[in-house]
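A single structure is presented below for examination.
Labels run A, B, C and D following the written order; every chain starts at residue 1.
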Amino acid sequence: MAEHKRIGILTSGGDCAGLNAVVRAVVRRAVGTYGWEVLGIQQATLGLLANPAKVLSLDIKTVDSWLTAGGTYLGTTNTGNPFAFPMEDGTLRDRSEEIINAYHQLGLNALIGIGGDGSMAILRKLAQQGNWNLVGIPKTIDNDVGITERSIGFDTAVNIATEALDRLHFTAASHSRVMILEVMGRDAGHIAISAGIAGGADIILIPEIPYSIERLCQKLKEWQRRGKNYALIIVAESVPNVDGEHITSTNTAGQCRLGGVGQYLADQICSRNIAETRVTVLGHIQRGGIPSPLDRLTASAFGVAAVDLIAAEQYDQLVTWQNRMVKSEPIANAIAQYHCVDPDGTLIKTARGLGIYLGE
Amino acid sequence: MAEHKRIGILTSGGDCAGLNAVVRAVVRRAVGTYGWEVLGIQQATLGLLANPAKVLSLDIKTVDSWLTAGGTYLGTTNTGNPFAFPMEDGTLRDRSEEIINAYHQLGLNALIGIGGDGSMAILRKLAQQGNWNLVGIPKTIDNDVGITERSIGFDTAVNIATEALDRLHFTAASHSRVMILEVMGRDAGHIAISAGIAGGADIILIPEIPYSIERLCQKLKEWQRRGKNYALIIVAESVPNVDGEHITSTNTAGQCRLGGVGQYLADQICSRNIAETRVTVLGHIQRGGIPSPLDRLTASAFGVAAVDLIAAEQYDQLVTWQNRMVKSEPIANAIAQYHCVDPDGTLIKTARGLGIYLGE
Amino acid sequence: MAEHKRIGILTSGGDCAGLNAVVRAVVRRAVGTYGWEVLGIQQATLGLLANPAKVLSLDIKTVDSWLTAGGTYLGTTNTGNPFAFPMEDGTLRDRSEEIINAYHQLGLNALIGIGGDGSMAILRKLAQQGNWNLVGIPKTIDNDVGITERSIGFDTAVNIATEALDRLHFTAASHSRVMILEVMGRDAGHIAISAGIAGGADIILIPEIPYSIERLCQKLKEWQRRGKNYALIIVAESVPNVDGEHITSTNTAGQCRLGGVGQYLADQICSRNIAETRVTVLGHIQRGGIPSPLDRLTASAFGVAAVDLIAAEQYDQLVTWQNRMVKSEPIANAIAQYHCVDPDGTLIKTARGLGIYLGE
Amino acid sequence: MAEHKRIGILTSGGDCAGLNAVVRAVVRRAVGTYGWEVLGIQQATLGLLANPAKVLSLDIKTVDSWLTAGGTYLGTTNTGNPFAFPMEDGTLRDRSEEIINAYHQLGLNALIGIGGDGSMAILRKLAQQGNWNLVGIPKTIDNDVGITERSIGFDTAVNIATEALDRLHFTAASHSRVMILEVMGRDAGHIAISAGIAGGADIILIPEIPYSIERLCQKLKEWQRRGKNYALIIVAESVPNVDGEHITSTNTAGQCRLGGVGQYLADQICSRNIAETRVTVLGHIQRGGIPSPLDRLTASAFGVAAVDLIAAEQYDQLVTWQNRMVKSEPIANAIAQYHCVDPDGTLIKTARGLGIYLGE
């Protein structure tokens, strides 16, 4: 039995389905098996900035219903870089020392950070600088943390986007229309390519492959000539065209503009009189939702494994899913390379093999 | 046993969930019980305009899987008023005579038209003028055909909008944000009020009640002061403000603009620095989807009843659901009054009783 | 504004989806609008029997997440008739006086009881005898409270049973099998008839219509001769055959036997070498589950209306849904007649009209 | 471009979700990309036994809606071993030669067989003996083909079982009951362990770990003493106890007995007066259902890859999913070892780490 510890846990970056299930697993393992204390830190590093720190003491009863709850009860933020924190007067200030100190003031023996690669980089910098014992758990609906085959939240997001395509399919066919579904994925098109294949899209546009609007419209016309009188397009929120231009939706921090690229495609298709076209912007619906069984399973496995790493005093590690097993990797290695959709990988080959048009 | 008949069936106006289930029930009753012929007319009156008419012979085997299929396999159109038909040269022409003749050329004894109040008015005019035997079945995701307690497609649309609110709830709470969901309902707010109550919205804006953006923003601030740091808003696609202005999304025929009123609200809330705000435009996802069990049940009951009306040679009738029973009403009566959300009805009382803000 | 009150609320009888949504609506209306107190009484009348009574003080924050939660957080019991209470020594004792007194000791001005017709009869007897101010809200997955068009929990139960048929349909067809789904409904077949129509069953057996196993098997053989090589049967948990025999599953209080009638049908079909046959016993899955949007809407409307009845000091009333409105009826009238499936009603006509075999 | 080919495809063994999606992908790749012919062979090897063989010519239009359809439109059988075929007179006969000849009479260049390890062994024997060009695709809701990380149908089955637990959780808690869910998995407990973790089960019983009914009941009593007044048990259809006894449900070929082990556990718990207990036998609901997005994605990838193996004339291979990629392995290797739940693997560690009781 490992010696007594007090550990903290926080969720950082955009929320997604399965975060609460990780926290539940951490508490059941740490409190239930090892008899430790677990402190839930609210709103990521903002909770450490607050003085006194905003924390919840988490016991097994508290997290009883957290397995199936979407979002994060601990709250999160995706503003507020500790090293360049936006102050009320408009300046940016380095507040890392305050945050680092809060860890020690709370008497933590270790911290579990759940986040994407951006959050991991920041947390690791804090850990290095402040002598924290850090264990990371990957979550990202974008599936862009490459070292791990699974990240919390991705399966649920793909399910939601696929369901939307299923629904649009019916109405597209009924009205002989082009239906466009805009999904998340600013730098990596994993949601679009996975949901596009699973949901029977005719055209998939992802950040990794520049598209030509002219050739896309020609493809629609060619299909019409062959008797296919409707089409489903799934498009990531930011995709470049072959001339290097990005029309980007910015349904993101600090702004609230929507319908950039989806609306642009619709305008282009309409203006060429190809077909009636409708746009759906799925937005944050992709982040919410009850976690899928797979996300709950992964979340549970990651939570237990993170606590076991702490029990073994193996720090600066990211928990990963590789080859049917939970493993771990040094955080620095794990986030060294951004994970785009592999142009020679199985998903792209599958899409092409099915006759899906990728916009080139 | 009624004498042999050949009947036609068509789906008109915007598609929705449950249309195919109606057709299946009509075929099972007309072919299975009575031994009649059923012709499915494609793309509503456009199928009668085609020469020869575009029709499918429908037998029980054909419609075997139609119970659970969304949209309409017969196709539909919501352009193409027969009395003012848009010609290629840009003019409008009265083509009602061609359409009327097609009914007789097909040797139809009766026609079942599935549509909303607009479609019913047009079909009835054709029937009157052309001596058709018409039976109508109400479908509308807007639930605006007032004589009947149920219309095909409404329950499914409410389910989909509610599910979207459920998902947004998680992410709104996680990030302390205002989430806006824009749903359909140009003239009647039934989807917004029903899904808003069922999905736990904090604010519901419907066409029937003008809102004040100032008071809405004050309400958000008041909630924040009391510690409620996020909010869910559901808004119909076209709602007037107290000054009589409409900011309308026009994700509709002939155009493809989205995010009108939802985006407008977000801009107003953001510009007052109240909270980060995100918009989802649900769009045609509301129309698609596998029909809910209730929509399938209603569709099945309506289809059987419509055939029985024809067997009894009772025409010019709209099938209705009233007081747990399928009944029928003369079409003219049934569509005489447009059915808005009743400001003194149970839904509005319930919303107010729950503390939901209606924007006034 | 009505004068200050302290009201109690309890859930009685079998649990179902939507109970927590009623409680939430009651609290939001009573506390939020009127500023009253609400006490949640745990495990129905068992909570009043406990000394001191087992109650939870319910405020708006407590019930925040109760809209979408299945079951009942207040707990319930379907044992324990207060007038013949099973004691540990095996005797039955009248404990109504203790229960009645608890109401007065708690200082309640009124009590909202959520239950089926059995619970309503008991609660009303207590209210009459003990001078309680009682308002009832109907809940029953069996839909057997006849005065109201909707009861909490029924729509969700039908959805779950229909979804099960949808799934069985695929595997029945793939393997050319007979699939039997056993659902709840001891005395009324509403779930079976509604889900059977909505889910495309070929045979529906309900308590209201005795079936002949011989004719049922002949029907299966007849269909096989005509090329239909699989069938879906939905059967209520207790149905009589034409000889007046009941084969009943008793997945009920105090016992735990399952698969009575479903298994019996399978045995009969197998023993005649008609087809491979498989049985699914849906069991309590029908009671659980996230409430459907319709159940949440009805629950919300009923909760608000019940509080308004108390504000108007109208007691001994059951809240009802009639003709698109929430109304109320004296409890005695409301439960005077048990509500079976009407043999001449729309559902039976629809089932027959679709060619569904009802077993006669 | 590979030379012209005519390929056959069949689905063998128990049906599951995603089979039709494989066929669709095969047709889109083989017909759409390569211009080949595809013949769908009905009811597995029974379709080859029929004279002339029962086959469907499959083009892209035919399979248009097959992506989301559960079961198998080609039909299947899990009786009828070609080497010991049950004849009408009760004898078993070797009919492999007829089957082998049918392949050649149909002029097939290759055959894609979709099945589990049992089907693969039989198909491979036929291929070896009859000089067939065989490519295999793994499907099994039991997830027991060990070489591949994914098999068609497993993800959907886990989703359905998890959803059932989610629903039972509510009603278990409301009534303070023990709820038992019996799921499939005769020799491998993958569904039970995965759904049990994802659905928050308290006890998971799988074939790989013998359980003690005494200790199980003691565990329930211990939880009760600590205030946990309900429990969820998920149990595979056949699990041994520590004395080596199996109580098995035989909802399987040629028989139709249900509720063996689930009912047994309930009887044991009831007879010890521990708690009211209810049983749900999920049965074939696990096989049916719309395939999950993950199953559709895997099915699509496998279908494309199988055709590409044929284009490359690489036969006697099983398509697999390994390390995020579709690969392939010689069939003999791929099925050499039966894949049980690894007692030292991540799933068992996770279950124990969460405090789930495994019955020992």
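One rule holds in what follows: contacts are C-beta pairs under 8 Å (C-beta built on N, C-alpha and C of every residue); 3 or more make two chains touch, one makes a residue touch a chain.
For clarity, every value in this text was computed on a predicted model and none was experimentally measured.
Relative to the C-alpha centre of chain D, the farthest chain centre belongs to B.
The interface at A-B recurs elsewhere; of A-D, C-D or B-C, the pair that shares more than half of its residue-numbered contact pairs is C-D. With centres taken as mean Cα positions, chain D sits 35 Å from chain C. Between the Cα centres of chain B and chain D there is a gap of 40 Å.
A straight line joining the Cα centres of chain A and chain D is 31 Å long.
Among all residues of chain A, those that touch two or more other chains are 166. Here chain A touches chain B in the complex through residues 14-15, 17, 19, 69-73, 75-78, 160, 164, 166-176, 179, 251, 253-259, 263, 266-267, 270, 276-285, 287-289, going by the rule given at the top. By the touch criterion stated above, chain B contacts chain C in their complex at residues 25, 28-29, 32-33, 67-68, 149, 155, 158-159, 162-163, 166, 194-195, 197-200, 292-294, 296-297, 300-301, 304-305, 307-308, 322-326, 345-347, 349-350, 353-355.
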